[in-house]
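Mind looking over this structure? Questions follow.
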Amino acid sequence: MSDYIFLIPLFPLIGFLINGLLLGKLSRPVVNVVACASVFASFVVAVMTFFELTSLPATARVIEQTLFTWIPSGNFHVNIGFLADPLSAVMILVVTGVGFLIHVYSTAYMSHDPGFGRYFAYLNLFTFSMLTLVLADNFLLMFVGWEGVGLCSYLLIGFWFEKQSASDAGKKAFIVNRIGDFGFLLGMFIIFWQVGSLHFPTVMAAAPTVFVAGGGLITAVCLLLFVGATGKSAQIPLFVWLPDAMEGPTPVSALIHAATMVTAGVYMIARTNVLYLMSSDALMVVAIIGAATAFMAATIGLAQNDIKRVLAYSTVSQLGYMFLACGVASFTAGVFHLMTHAFFKALLFLGAGSVIHAMSNKQDMREMGGLSKYLPITYRTMLIATLAIAGIPGLSGFFSKDEILWKAFSSEHGHPIFWVVGFATAGLTAFYMFRLVYLTFHGNERMDEHTKHHLHESPKAMTVPLMVLAVLSIVGGWVGIPHIFGVTNQFEHWLEPVMAGGGGHEAVSDVVHTSAGGYGAGMEITLMAASVVLVLVAIYLAFTFYRKRTDLATAWRERLSGLHTLLVNKYYIDEIYHAVIVRPLIGISVFLWKFVDVMVIDGIANGSAFVYQLSSEGLRKVQTGRVRSYATAFVVGVVVIVAYFVAG
Amino acid sequence: MSLDTVIFIFSAVVAVFGATMMIVQRNPVASVLYLILSLVAQAVLYIQLGSVFMGAILVVVYAGAILVLFLFVIMLLNLRGTEDLGRGSGPLNQLTKYVFAVLFVVELVFVVRAGFFAETIAVSVLTGPPATDGFGSVENVAKLLFTRYLYPFELTAVLLLAAVVGAVAIAKREREDFATEEGEAAHSGDKPASPPMEKVEG
Amino acid sequence: METQILTYVTFFPVIGILALLLVPKDRPDTVKGVALITAVITMLLSFFLWGMFDKMALGMQFEIDTPWVTSLGIHYHLGIDGISLLLIVLTTVLTVLAILASWHSITKDIKGYFISMLLLQVGMIGVFVSLDLFLFYVFWEVMLIPMYFIIGLWGGPRRIYAAIKFVLFTMFGSLLMLVGIIWLLFAYHGFAGEYTFDILKLSQMPIGFREQLLLFGAFALAFAIKVPLFPFHTWLPDAHVEAPTAGSVILAGVLLKMGTYGFIRICLPMFPDATVAYLPYIAVLSVIAIIYGALVAMVQKDVKSLVAFSSVSHMGFVMLGIFALNLQGMEGAIMQMVNHGVSTGALFLLVGMLYDRRHTRLIEEFGGIAKVMPVYSTFFMIVALSSIGLPFTNGFVGEFLILLGAYDRSAIYGVLAASGVIFAAAYMLWMYQRVIFGKVTNPANEKLIDIDWRERIILIPLVVLIFWIGIYPKPLFERIEPAAQQVLLKVGRAQSVELDDQFRVNKVTVVDVTEEKHPTTVGLNPEEGDVK
Amino acid sequence: MIDLTSAGLDFALIAPELALMIAASVILLTGYVKNLGKLSPSIGLLGLGIAMALAITHWGRQHSGFFGMVTNDNFGMAFKVIAAGTSMLALLMSQRWLTVRGYNRPEFYALLLMSTIGMMVMANTTDLVVLFLGLEVMSVPLYVMAGYAKRSLESNESGLKYFIMGAFASAFLLMGIAFVFGAAGTTDLRRIVADFTFILDRADTYLFAGTAMVLIGFAFKVAAVPFHAWVPDVYQGAPTPVTAFFSVGPKAAGFAALLRIFMFGFVSLEILSQVFWVLAVLTMTVGNVLALRQGNIKRLLAYSSIAHAGYILVALAVGGPEAMSAAIFYLVGYAFFNLGGFAVVTLIETRSGSKAEFSELPGLAKAHPYLAVVLALFMFALSGFPPTVGFFGKFYLFSAAVKADFIWLAIIGVMNSFISVYYYLRVVKAVYFEVPAREFARVTYTPAIVVVLFITAAGTLGLGFFPQQLLEFSQKALFAFL
Amino acid sequence: MVPISAYLIVAAVLFGIGTVGVLVSRNIIILFMSVELMLNAANLALIAFSRALNVMDGHAFVFLVLTVAAAEAAVGLAMVLTIFRNRDSINVDRYNLLKW
């Protein structure tokens, strides 16, 4: 009985159709119920799927289902088909689970917005697309979900379309994503013309025989796919859209731009790990981009004052971690961090949402402070999340992040430099996250009276999801406790069948993992300890700067003003893109239109017409109306013709 | 140099002279007279060529009838070349006219001379085969006209009829016009050149 | 019924025209009614055609072949394959919608308008069904006249310029085509000893390489102008901007397809070697058209001319697909022909609806429409997305296959053309943002009424098509695949190419395709055609 | 083999001419008798009808008489039919126009008939003398008709110009015939054909010069560039129905003569093809280019008729039966749509104060939708749009050219008809798209003109849809071509 | 013995003069007479040729041509009459209402 997977994406689709087609005809509670129920239903199915998979033997944990043929064109044959295996199982659980919580949260958060129907329709559509993405059994269907989520993020970012900035951000997100999709498309083309199919199992099976390992072609494929990933998962150079995406409603940021959609890139690389393992160059690139993004975003995060933007950059940074993991061929670690990150980052955003909710839609942390006593639950849950992301031992973030760091250091694709970068980033993360916490919840209350008067803890519908997520952010990591603590890495073990040796080569616990680049367990412990220490230091610094001696913060800001402005302005990357790409493009277009089109081409057409008219005017003058001149013309003709005859 | 030649040269010169004078005259009457002169000279050439009858006809009909018609018209219109024809066309224009006209003459002459030099040509260098008796006589012309050229001869009748009808239709004064009812309304009086006339006309 | 059905489909509108002639001028509603009924019946006939079409069969179906002008071998030869079938249905459907769309917007000389509309339909369907070159040419030209009047009489301020430009551009190409047609006539006579314009017979005839080059040039010019391919596209924006809504819908929806259809039906099968020889140039032009159109569309101030330039870009895709010379490209191109008809048609309809309300199409005049016309905005969003080729909308299926095919022909084409996808998103969404999103700044927009039922009825079928083709295009593919294979097989006749099992035409060589390779080649050498 | 030079005075041979002559005489005799004058148009029609019928009865038979001066063959008959038909339509058109202008007098119809006689004479003879006389019989009445509206300065001028140029041209023609006579010793084309080679090497220069001037003489009649200059002036000035007649009748006759002389008589001079090539290209191009900027419809149609003569000259350049039948086909089609166009103009001109300027057209579509449609039809036919006979004619013509490898000629031809589209569309544009400055003065239809419009329109469309019959006609016309 | 071609040359010259007359004379009457002269030149050629070929067809033709000339003269002069009435001028160049 494995033919019910299609229900997972179907339910949200139904929800979307109901809410979408009957837009404005349904009462608010009905809409809420439809929306949440549909997602919950697919969550249930997802759980069932999960357990069915567990029931199967590890090697046979694949459930495939083909609905119908989508595009049949010669030997190009693509089905609407779904595939559930451990990897997608993890994803659907995260998507539906976290998704459901966020739906619930939204019912309260959007309770005052007139466009709630539209909102939930979009949200369901998003869930549908995301599930299609993770369940697709071929690249093209994945691409469908891939673009689908892009569309939804466009719609949801621009949800408050009357705000110029919002619609701008939406457009930006979509177009930047398109650039990524462009790479994805080309990747697919190569795969198809090489393998003759886009079906995942087929491709993965055929890849080793079709492609030369380390060859240019496979590298091209991986890199092109990775371009897609950078677009979707906001990596350098295409990360610019994510911060702006914060224009959308906060739950949207939580769901799309933290927990699920942005991780699609990671998922896709994990899904195609077979290909990536065949091209160490591609892996190298992925790792470098990942590390660079992680560090850069973290630095920017230091200087942001908008609470959501801080979280946004932290998201970018965390995604960088995941790519770093993939880049060092430790896809398991990547996916693991993906999951934990989904928990705590969703929590953080929702918390931020509740804060903004309470602050009557103010987002600037400089106007906050001391909120802990007004929003106790929010405060506590967010604190947990912060600890988790900072990597305090025992919480989910710790395990996932440290696995990544360790792999970056130890894996044969890894390199100490990666570790160093990751290590530094960990410190930065801890610092800016605690900066956020202190600025928001501690210290004197900087908000104006009016806002202060309205401060209140959010309703149950919002706090309950917070608490659930808090729990998850704590325990979420325990499924992946590394071997050194003498337990099997359940998570790695679970994903093993999907990974072509990637996670598998050191999966079995009792194997002493000297294989990991020849480093011992001792090393791993040391590094772990080091990072913990660094994190604690960072937290202390944040405490001193933003709690104890705020003057220091300002002092340092003065001292490093140059650097500070650079960070505040996000390295001026938006500006650079605008100056280097957008502006010239517009210029060229105008030139093409006004000059090439109007002047050259039409010029030639109308010009030749004009020449005819002119010659017509000229010739008319010959027609003087004097009969004798006609006779002259006549005689000229006679002379010529007679001469011609007589001569030849 | 036989008498023949002398006559030929003389009449040829006269013919050409008359023609030339005709076109350079300002007074039409004079040019008509010059044309008559030229025609008479041509008639002489006809006769030299053994076409006595046609020569006579040329003088009688052409000089006698057609050109008189010209004179008649000239008198009718009372033209004495007094009208100032204004400046003619510009010098360049004139030049081209003359150049091409002359070119044309040269061509014709060349054609004739080419025929002249061609050995195998039927048009013999000399005056051709001796004229068969009665060549160009009235009888023979008549025979031809009423046998072989009967049809064209009849056609000339049609032609002349058409010409007469046409000439009348055009030249006739308006007063006694036949015209249908609406027709009457359309034209009033017969001083056509006057602008109001044009208006009614237009 | 079955035997003559093509005649019925083609000429049924004539009955409508005759009926219209009898209707007095001062009864506009009757006129509209008659026109609409005629169009609907024609549409139903075409559906019937679709139903009876045997998707398994290779070659032409419902053929009718009766002599017309015997002494020149001109036949009244009709017949369709999957490609024509799709385009016919598209034509009939769009005509119905176009007539509905002009219900209120056309006020002056309604009778003449609908007569030209139906006449136009006859011409268009005729082009798609005729298998006789002469007939093809006749329909091709006939269709100019009603379009000339539609633009010139019911168009915008610069309508006269646009109308004349449209006619002259099209004429210019088609006249050379005429010479080509005549040449073929005698070439075939020299080859088989009979006079015929039969496309199927003519495409059996081997033609010398140099002749092929010239003939392909003659035909390709006519078709390229119609498509329109890059340097010949300038008539399109003018025609679109000035034409009334329905005119633009038909123009973009069907007329442009006649060009690409011509390539598929005539140029490729008849001049395979020339096709291969010209391939790089046309492919490059198509790529230019894709990017050029998109870029120029981005900076347009008038929504309609934006859509017009987007058509240039989209038709560039179609051309590229055709000249990818493989099954994917070809089928993608055919799909894209339909898709473009649907999406762009819908876009023009939408723009028209806005124009009916505001009598302007300048982007800066609008903004915040979503607030006042939510339903409209939703439709607009869907159509815009299909036009930028979002998966599960019709646009994606075609574009993807085209790009797939083009990539196989040459990676460069694939890459460059695919970049067009990005620009498409850019100009479309930017326009959408400026028109629909934002606050209502222009007071004139404050009390716009949302679209009424008539307009919804116009749009819903198109939206249904958008998703149907996007999600379950199988029925269409089944019908076009045999046809596409036939075309590629014909191209495979070329000395210079070889076909692999997937009908992928692999270029072998062009240069050494010369006379002696064609023992039976008929060679009138145009160069010697001067004074003699 | 019948004796083509029989002396038999078989009047059956010239029955059509006789019929016309009788009709003309009757008109002239009864014309000024009270109340009988009104009959003269009908009498004329009757005569033309009889003549046409007689001509048709001769179809397929082929014999000669009057000492070989008259030769009946299908070719001649075809052109007789064309001539008769043309003048019928012209006659029907002219009545109304003349009446309004006050020139409705019987001799007009007599002249029309006589000039028709001239055309018929030209059509069925192989003797240059008869050809010359026929030309004169045709032309002299035409001169008069051109100047027939004698109170109109334009008409006077048009008549005079036509006369001067016509006489000038016929002088050249005469000189040419003289030279041919000098070279061949005969003026009968059949004799010339019989011993052509002999003549050629006996007196080639004479022959060449003669041919050249004969060619010029008829090139003038068909208005080939550079002998076209008179056309616009004469066409514009002459009464519109007469112009209609000019634009078809004499052209057809001229082409009959040209075909007869150069496709039969001097067919073996290969130099001809080149000359006609140049003439054709010049004529097409100049005609079209000049027409682009005309403001007067009659003048525009005049230039367009020049251009059409150019198209037909293509056939002469190409040569061969295909081309000739194409030329005949085109002439017939052209007769229909050109006369139709002029009929509309005539109708418009019957309004007082009208000079058939472009500025008078706007509003026509509103005032007379059907008239506008018909006019548009003729314009599209002139520019060669399918499914009109105009398109098929061009198609047939150019296909003949392509068949004989004159591909460049064909291309130049189609390019020219492309240019022509522009100015024909200008007319349509003026009629339909432009807003009238003032109210369009309504025209009044007469049965006659309606009949003309109907016939021409029906011919233009019908022959476009079903050209087969006309094709066969034009091919049969060359049967035993002499 | 005068060679025939001499006559022909005379004819040619006369014809040429006639042509020149048409081209240069602005007086309509003289212009007509030039045309007549051209016809006569042709006649002279005909006569000469028929003499040379010793066939008399030329004579008959000339006879016919004379009638043609007469007819033309009649019609032409009638026209001159009319136009002179309307325009009070015999200058051909003045008759240019119709142009371009």
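All chains are identified by letter, namely A, B, C, D and E, in their written order; residue positions are counted from 1 within each chain.
Going forward, a contact is a pair of C-beta atoms (placed from the backbone, for glycine too) under 8 Å apart; a residue touches a chain by one contact, two chains touch by 3 or more.
Keep in mind that this is a model prediction, so the values were computed, not measured.
J.: Starting at subunit A, find the fewest moves between touching chains needed to arrive at subunit D.
T.: 1
J.: Any chains in contact with both subunit B and subunit E?
T.: Common contact partners of subunit B and subunit E, which must touch each of the two, are A, D.
J.: What is the shortest path, in steps, from subunit A to subunit B when you may only step between chains that touch?
T.: The fewest touching-chain steps linking subunit A to subunit B number 1.
J.: With chain centres defined as mean CA positions, report which chain is farthest from subunit E.
T.: Measuring from the centre of subunit E, the most distant chain centre belongs to A.
J.: Looking at every pair of chains, which has the largest contact count?
T.: Pair with the most C-beta pairs in contact: B-E.
J.: Suppose chain centres are the mean of their C-alpha atoms. Which chain sits farthest from subunit B?
T.: It is A whose centre lies farthest from that of subunit B.
J.: Using CA atom averages as chain centres, what separation in Å is found between subunit A and subunit C?
T.: 39
J.: I'd like the Å distance between the centres of subunit B and subunit C, where a centre is the mean of that chain's Cα atoms.
T.: Centres of subunit B and subunit C (C-alpha means) sit 68 Å apart.
J.: List the centre-to-centre spacing of subunit A and subunit E in whole Å, with centres computed as mean CA coordinates.
T.: One centre to the other, that is 98 Å.
J.: Cα centroid separation between subunit C and subunit D, in whole Å?
T.: The mean C-alpha positions of subunit C and subunit D differ by 43 Å.
J.: Send over the residues of subunit D in touch with two or more other chains.
T.: In subunit D, 129, 133, 136, 140, 143-144, 147, 150-151, 153, 159-161, 164, 168, 172, 179, 182, 185, 205, 208-209, 232-233, 422 touch at least two other chains.
J.: Hunt down the residues of subunit C that sit against at least two other chains at once, touch-wise.
T.: 168
J.: Hey, what residues on subunit B touch two or more of the other chains?
T.: If we look for residues of subunit B contacting two or more partner chains, we find 89, 97, 100-101, 104, 107-108, 111, 114-115, 122-123, 148-149, 152, 156, 159, 162-163, 166-168, 170, 192-193.
J.: Per the touch rule above, enumerate the chain pairs that touch, sorted by label.
T.: Applying the touch criterion to every chain pair yields A-B, A-C, A-D, A-E, B-D, B-E, C-D, D-E.
J.: Write out the stretch or stretches of subunit A touching subunit E in their complex.
T.: My answer: residues 620-621, 623-628, 631-632, 635.
J.: Of all residues in subunit B, which touch subunit D in the complex?
T.: 107-108, 111, 114-115, 118, 120-123, 147-152, 155-156, 158-159, 161-163, 165-170, 174, 177-180, 182-187, 192-193, 197-198, 201-202
J.: Can you name the residues of subunit A that touch subunit C in the complex?
T.: So the residues of subunit A touching subunit C come out as 23-24, 68-76, 80, 140, 143-144, 147-148, 151, 154, 158, 161-162, 164, 167-168, 170-171, 174-175, 178-179, 181-182, 185-186, 188-190, 192-193, 585-586, 588-590, 592-593, 596-597, 601-602, 605, 609.
J.: Would you mind writing out the residues of subunit B in touch with subunit A in their complex?
T.: It comes out as residues 89, 93, 96-97, 100-101, 103-104, 107, 110-111, 114.
J.: What residues on subunit E touch subunit B, complex-wise?
T.: 1-10, 12-21, 23-27, 29-30, 32-34, 36-37, 40, 43-44, 47-54, 56-64, 66-75, 77-82, 84-91, 93
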